[in-house]
Amino acid sequence: MAKVLRTLVYIGAIVSTAVLAGIVGYILINGVPYLTPQLFEWTYTSENVSLMPALINTLLMAVFALVLALPVGIGAAIYLVEYARSSSRFVRAVRMTTETLQGIPSIIYGLFGLLFFTTMLGWGLSLISGACTLAIMVLPVIMRTAEEALLAVPESYKQGGFALGAGPVRTIFRCVLPSALPGILGGGLLALGRCVGEVAALLFTAGTVAQIPDFAGQGFLALFDSCRTLAVHMYVLSNEGLHMNETYATAVVLLALVVILNAAANFAAKKLKRGI
Amino acid sequence: MSGSAIKENVARVLFIIAAAISILAVALICVFLFVNGIPAMATIGVPEFLFGTTWKPTSGIYGIFPMIVGSIYVTAGAILVGVPAGVLTAIFLSRFANERISAILRPGVELLAGIPSVVYGFFGIMVIVPFIRINMTGRGFSLLAAAVLLGIMILPTIITVAKNALDAVPKSYYEGAVALGATHERAVFNVLVPAAFSGIMAAIVLGVGRAIGETMAVVMVAGNQPVIPGSVFDGVRTMTANIVMEMGYAADLHRGALIATGVVLFVFVMLISLLFSAIKKRGEVR
Amino acid sequence: MEAVEEKMVTPTFIRGAEAHRGEEVQTKMEVRNLDLHYGNFHALKDVTLVFPENEVTALIGPSGCGKSTLLKTLNRMNDLVDGCKVTGAIELDGKDAYKDIDVNDLRRRVGMVFQQPNPFPMSIYDNIAFGPRTHGIKKKDELDVIVEQSLRDAAIWDEVKDRLKKSALGLSGGQQQRLCIARALAVRPEVLLLDESTSALDPISTAKIEELVGQLASKYTVIMVTHNMLQAIRVSTKTAFFLLGEMVEAGDTDTLFTHPQDSRTADYVSGRFG
């Protein structure tokens, strides 16, 4: 009996590892040889299927989303940790809705973005619609990690601040936030990773135009240009089914991006645990 | 009021507003989904919409029963594929692996949790679908392909959450079992696993939530015919796929019907997350 | 080495004439020249000691002296500790516990009750039946008999007989500990190890368990670690005193507490340190 169970456990572990490693290995083997220079040309044509515009768009989109979500998420976490009494109805509502947001599938975010930002606010399929949608989507991730990071700050830091006669705000910004920074950063990177990989929430909010919004020519108005991120780019490519090699190569870039972001997030989280 | 008191109050209000944003977001999402979806559902007729087996927007027939069934089938399949492997892997990582192996696997699993669904979907198109077409039957784009792919996708979630639950079981349970002469395997399977049961259930429910909400990977491999599949080799369309396939060009009642599909999906997800909290709470009580 | 053995073993464990009128004593377990390291830490130093059958032996000494470590070596629970290395001999009925006996069989024959009660999160019945089931007893009626007998032996049957199917976690601390004793008895052990098993309990529960241990000695060989000298006096017939990983002195409990041979023992039992 013991032997059977042990064998089962090993088989389970081997299958999981093999499948997950297999996927990554398969993508790498098929994609890396096609990481050609023309794949990284500045403009996309149906000849070169360059992923460069999509890559830039991804960064723009993710950074905009974070610029929106970070202050809100951190502010909310500060409120929950430093100000709120856990018994109040408001706090319970915040926690419940945050959990709800966390469980909502991205296609629902996409639908909401389409109905609200794209249609009702009239922003159309655009960078800003997509970024706002993503911002709501990653808000719970940022709130949760920021809250954990703030809770991990030793009480003595706070008391140190108050003892010097600093008010709550000064204490939070001078004594608490700095030592919670790695954790918050980790949450930001995790959120970034989610933005980079997202498709369903962006198809109907940011659209699929394979160009970088023209900030140089249009300035601020370029925010209202439609643009496809790398993940959307990959989806479109694999749907077209014409450029399989380039799709593999795009998958490699996407994979690398996400893995680097998640690894960095893990690293930051570990740093926090060790108390730096 | 002194300057610093004003500053404190302004900051406090700003923090409260930030905290209120998530309430606002959920409220807005609900309002927009329901305001746009419910009237469409009413126009179509609730029983016709939920239990109608024909989806033919061109003829104005909107029954999403095949999609509801599709989502349930695909999710159940994913659980069948992903749960045994995931839970066993969690047991392995928590109680069998030596330091070195788990030091490699643990971060590996965490990183894999971040692989975008398009990459999974693409892998499904290139590997799983042809495998089914060549070695089994049908076109390959099928319920089976979707279930297998989703089963793989939920592995990291299940492994991580179940492993945390197993790690949290007090050491004294294991010691107690071993002190009675139980083998390592018996101590793990007959004491630790039951003790971590609610946590493992939570892992599975989380996996269900992820599977039912997954969109892109499923769209890419499921075939997406809006009919109840007769076998695992038939194509299937989930609620998520229904939305993503047609939202791009839908108008009027068709558009409303798609949003209403979103409402049904939303309700499903909420029920699952209620189940999740209930299980979590039960675990805490024990 | 020889000298140590000579001094410790021979004179100390002939029972008091009063108790059994010179009747010869069977050795149940025996430890010879035992050294134990946790990594670089030398936790037990050349310990030699015998445990006579059907008696209660108490291991006493200040915390960190190695008494619990020795106890965990007797049923090889120390195997679970990383970097733990054992040299020397431990014998059960003359057989080497590390070489001649399967580890799971050893743990069945040498039962253990821990410092903190650790009932499994399952029903009272399943807790008791876990051990027998582990060792191949599956029949319901057979299990029923074992469960009842074990609970009776642990003097908790009357308190739990009406709620055998209820979770064991609902019991009080003292009841949980007696349940754990019953669980240990259910596999019919020959030796019972008690690792400060009353230190987490209230005085009333402690008294109940002490009384129970006294009764168990007629059927089992009991070895108990305690930090409470009065408990050793109340419950045990033999006592061994440990200090800094060394076994300083062992003998009849009465003698050890009233006429200690070693000055360190004298200091300890008169409360001068620890």
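Some observations on this one:
By letter and in written order, the chains are A, B and C; residue numbering begins at 1 in each of them.
Criterion: a residue touches a chain if its C-beta (ideal position, glycine included) is under 8 Å from a C-beta of that chain, and two chains touch if they have at least 3 such contacts.
Worth saying up front: this structure is predicted, and the values here are computed from it rather than measured.
Viewed as a network of touching protein chains, the structure reduces to a simple linear path.
Relative to the C-alpha centre of chain B, the farthest chain centre belongs to C. Between A-B and B-C, more contacting C-beta pairs join the chains of A-B. Legend note: the chain whose CA centroid lies nearest the centroid of all displayed protein CA atoms is B. Centroids of chain A and chain C (each the mean of its C-alpha atoms) stand 56 Å apart. One simple way to say how far apart two chains are is to compare their mean CA positions; for chain A and chain B this gives 18 Å. Remark: chain B and chain C have CA centroids separated by 50 Å (rounded to whole angstrom). Counting partners per residue, chain B has 183, 186 as the residues that reach two or more other chains.
Per the touch definition, chain C reaches chain B in the complex via residues 75, 77, 80, 104-108, 111-112, 114, 116, 118-122, 130-131, 134-135, 169, 180, 183-184, 187.
Residue ranges on chain A touching chain B, taken from their complex, read 1-3, 5-6, 8-13, 15-17, 19-21, 23-24, 26-27, 30, 71-76, 78-80, 82-84, 90-91, 93-94, 97-101, 103-112, 114-116, 120, 136, 139-140, 143, 167-169, 193-194, 196-200, 203-204, 231, 234-235, 238-239, 244, 247-248, 251, 254-255, 258-259, 261-263, 266. Interface residues of chain B, counted against chain C in their complex, comprise 170, 172-173, 175-183, 186, 190-191, 194-195, 286.
Of all residues in chain B, those touching chain A in their complex are 4, 7-8, 11-12, 14-23, 25-29, 32-33, 36, 84-89, 91-93, 96-97, 105, 107-123, 125-127, 152, 155-156, 159, 183-186, 188-189, 209, 212-216, 220, 240, 243-244, 247-248, 258-259, 262, 265-266, 269-270, 272-273, 276-277.
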